[in-house]
Amino acid sequence: MCRWLAYSGTPVLLEALLYRPQHSLIDQSLHARLGAETTNGDGFGVGWYADDRGTPAIVRDTSPAWSNRNLRELASHVRSGLFFAHIRASTGTAVQQTNCHPFRHGRWMWMHNGAITDFHRLRRDLALAVDPALFSSIEGSTDSEIMFFLALTFGLDQDPPGAVARMAGFVEGLGHEHGVQHPLQMTVAVTDGERTWAFRYSSADTPRSLFFSSRVETLRKLHPDVTFLQEVGDETRLVVSEPLGDLPGAWNEVPDSSYLVVQPGTDELRGFVPVSP
Amino acid sequence: MCRWLAYSGTPVLLEALLYRPQHSLIDQSLHARLGAETTNGDGFGVGWYADDRGTPAIVRDTSPAWSNRNLRELASHVRSGLFFAHIRASTGTAVQQTNCHPFRHGRWMWMHNGAITDFHRLRRDLALAVDPALFSSIEGSTDSEIMFFLALTFGLDQDPPGAVARMAGFVEGLGHEHGVQHPLQMTVAVTDGERTWAFRYSSADTPRSLFFSSRVETLRKLHPDVTFLQEVGDETRLVVSEPLGDLPGAWNEVPDSSYLVVQPGTDELRGFVPVSP
Amino acid sequence: MCRWLAYSGTPVLLEALLYRPQHSLIDQSLHARLGAETTNGDGFGVGWYADDRGTPAIVRDTSPAWSNRNLRELASHVRSGLFFAHIRASTGTAVQQTNCHPFRHGRWMWMHNGAITDFHRLRRDLALAVDPALFSSIEGSTDSEIMFFLALTFGLDQDPPGAVARMAGFVEGLGHEHGVQHPLQMTVAVTDGERTWAFRYSSADTPRSLFFSSRVETLRKLHPDVTFLQEVGDETRLVVSEPLGDLPGAWNEVPDSSYLVVQPGTDELRGFVPVSP
Amino acid sequence: MCRWLAYSGTPVLLEALLYRPQHSLIDQSLHARLGAETTNGDGFGVGWYADDRGTPAIVRDTSPAWSNRNLRELASHVRSGLFFAHIRASTGTAVQQTNCHPFRHGRWMWMHNGAITDFHRLRRDLALAVDPALFSSIEGSTDSEIMFFLALTFGLDQDPPGAVARMAGFVEGLGHEHGVQHPLQMTVAVTDGERTWAFRYSSADTPRSLFFSSRVETLRKLHPDVTFLQEVGDETRLVVSEPLGDLPGAWNEVPDSSYLVVQPGTDELRGFVPVSP
């Protein structure tokens, strides 16, 4: 299990989301409420775009987020209008920087909460399905990174929701071939620096939790006293593994088997169905 | 808050205590039951004496114990008849190797769970009270290490319980001078490689938890099926922050304001009263 | 021995100085030319001011600079008009984050190359001379950090060159009392976010190397083809442990027993004499 | 480039070889003489067999060997009659524990100095050639680990020199298919806990350096004053990337395209020729 957060909107200091909320991501690293484990201490990562929206910066470390001083320094000095943050709870693979999220390829970032069931048995076939030209860029040993490279293989650059659907379909198909009943559990966020897609899906009945924030203009009326809401524009949106606090009306569940597109203009919520690639 | 374990007796692989018990120290790093915090993920340390009982080896790391592979390797290959293990939950000082327990000086090892209240305010006066000849050996920034150096200053080498009583008395006296109502919370283990002293004391009403194992010959009769009890001799004794499992009859609370001496022959339980140095 | 770099001027990506020059600071981490050791692999740090020149961000790590991926990420995404960078070669104290430079206190940053001779023997007296109100902010175990806190004690906030002179005088006086012939070797950079002071001094004959860059307008005429010189303004100045390359006319030695003030308007070079505090 | 050491013989403290010699492996981490780089600071590893010669313990860390305190602690407390030690200089892959040598599989240990040329391009095909049943045990991203798994695939358990020859032949064949002129540079040590095989081979003209120690009984006569030689038995043998000192008569070069078998009884030196698997 892991926890993550994807921010889009008015450029803010990372700490505004990572440290300041009552149940911030840092708090979740010790006291997650909606996950299988309360502790997410197997490393963390943040990825952010600078103003020019080129290749994002990715800072990852194997230490727990709650005690990492460099993360606190960055969070209080770096401002961004599109960033990802992730805290990891390893499901068995090594605690090492190359296994920390987000993963990056060119301008793309990817992070994941969930698991491929029996990954150990499926790993080779999954790796073989990655575009040979991309294979050597795989640096770590997680299912999450291979899911990213499969999505890249299946056309992430041209059609993100389609590529993720094909990735999920491929994982499910391969799993079923190997006799795995429920091969995939995932909440995934992926961005190209302009738009962010957030997916919630499970091969079984109970998907991992995923929430998105309500429209800022609505929230401002409900909570005129919340400063942060006054400081950010209407295009600001958060997608999170679990709510950062208990503000009434602030959080909406992403339905199972669906995905959210956070983009300039109106965001969209659509159904998600894995497809055979 | 931290958790610790002190083992004396028949040489065993460290893993027999660190990993194998149902509620082992490694399990406590994620799921402590009797502490203020459930997570003890701010580093760990093990210290052990080799057969010749010279200077103990001390291996410490800032990573959480639960995911540290080197600890697992050591624990499955190193055998010792007297070892300490500690998992840390920082009360504010840096997560760094020199702040991890156990601390060592010559043949002595020391580890601690608890805190000096308002340590930040008392730190300078505490440091000044350390024997000037020892001052430069202080490497970290914790209250625990300074408590050790104060005990060394106050005669640990000649009279361990007396030195610890004088250390506690000094800390309490200094605290009271600075208007601190309850200056000291401690469970401390200290050893010279032959005997181990384990102290439980609090300036306030509620001391941190501390337990010692029952006599092996008694436990063997109660639990003839527990293999470990067949493999270790009658002199084997464990002192722990919290029980390693639910074996009926296995664990006894160290009373508040008292200390246990684990030694060749009969162990002893005595009252502990801080004294002015 | 360590190596460091202090940049002031037109905001640039940190990588412009840390990675791109022929003999960049990263190159010096493996192949220093003018130091006692060629390898500076005991950790690193960067500290930078954001546009608002408040408290600087400090990112430090114990890993060698040459292989640290987070440093590379930061350096290629963070832009600053005033930053420090330091690579460490420990002279014996622990390799830990709190021993990495730069050190920070409020808006001040400090970094050092050199050593207090026989620091182990002098450490207690040096620590005692630190303002008691500051004592608890000492986190590490280096001579460099204590030098910073002594300078703060002796008035860094009001009179930086005077405070550093008093710190140096105090160290020399104390050293001589303890029979240390040449107590101090130092090149120090300190900044409040507006001005930077860089000192070069040794109690013995041979001070550590220190250089500053020539005036940008002069260099532009000499080297019209060097792009970097076209991109930065006339106020841009570098102070470095050793030149970042072999550009003719680019580097000037800071004379022994002197200090440079890098500031808005004309920079100044003045003599430095330790004084008794 | 890396440096390594393989010890077989009378059980000794690891420090006898890692720290005490004039040009010990720790000294080589900062000042290697015969390698392409003088610094080997990208992590280290030690692997040793306990008395029962079961699965070896493997302790690896990404920090430089010269400053790692845990390595010093282990080396001064752990005794072994068969151990490997390795210091790493990365040729580009991540500095992470799973990329540090020695690698282990069951009772086997493997370490390597050298490189597969253009590994990035060959990596996928190399990985595909690994026995599918072993694929998921690959944890890191180095050429060295894949060479190990290829040797395991090609029969290391039954015929170590043959398996290594087939691995080398496969790498060369694949490299030539991809237009790589000189695909392989290697000095490899591999052991099952009883015997150690040390290979020296290069597809090009200039192989990496490799030496083995002279017979102890011969050395004792030459150097009756060297204590270490009095303390170890006649079966003691060292294989090293470069000599640990300048003792006349102590070191012999392993000829290019050959391998040494260190075993109970007479050791053997034989020719090595890659073969197509």
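Residue numbering begins at 1 within each chain, and the chains themselves are lettered A, B, C and D in the order written.
Assume a contact is a pair of C-beta atoms (placed from the backbone, for glycine too) under 8 Å apart; a residue touches a chain by one contact, two chains touch by 3 or more.
Quick caveat: nothing in here was measured; it's all calculated off a predicted structure.
For the pair subunit A and subunit D, chains touching both partners: B, C. Between subunit B and subunit C, the least number of touch steps comes to 1. Of all residue numbers used where subunit A meets subunit B, over half belong to both copies. The two sides are thus made of the same residues. Between subunit A and subunit C the CA-based rotation angle works out to 180°, given as a multiple of 5.
The distance from the centre of subunit B to the centre of subunit D, each centre being the mean of the chain's C-alpha atoms, comes to 39 Å. Multi-chain contact residues of subunit A (touching two or more other chains) are listed as 69, 94, 97. In terms of inter-chain touching, the protein chains here all touch one another pairwise. For subunit D in complex with subunit C, the touching residues are 30, 37-39, 41-42, 62-64, 66-67, 69, 90, 94-95. Here subunit A touches subunit D in the complex through residues 93-94, 96-98, 120-121, 123-124, 127-128, 132, 135-136, 138-141, going by the rule given at the top. Subunit D meets subunit B in the complex at residues 48, 50, 57-61, 69-70, 73-74, 76-78, 97.
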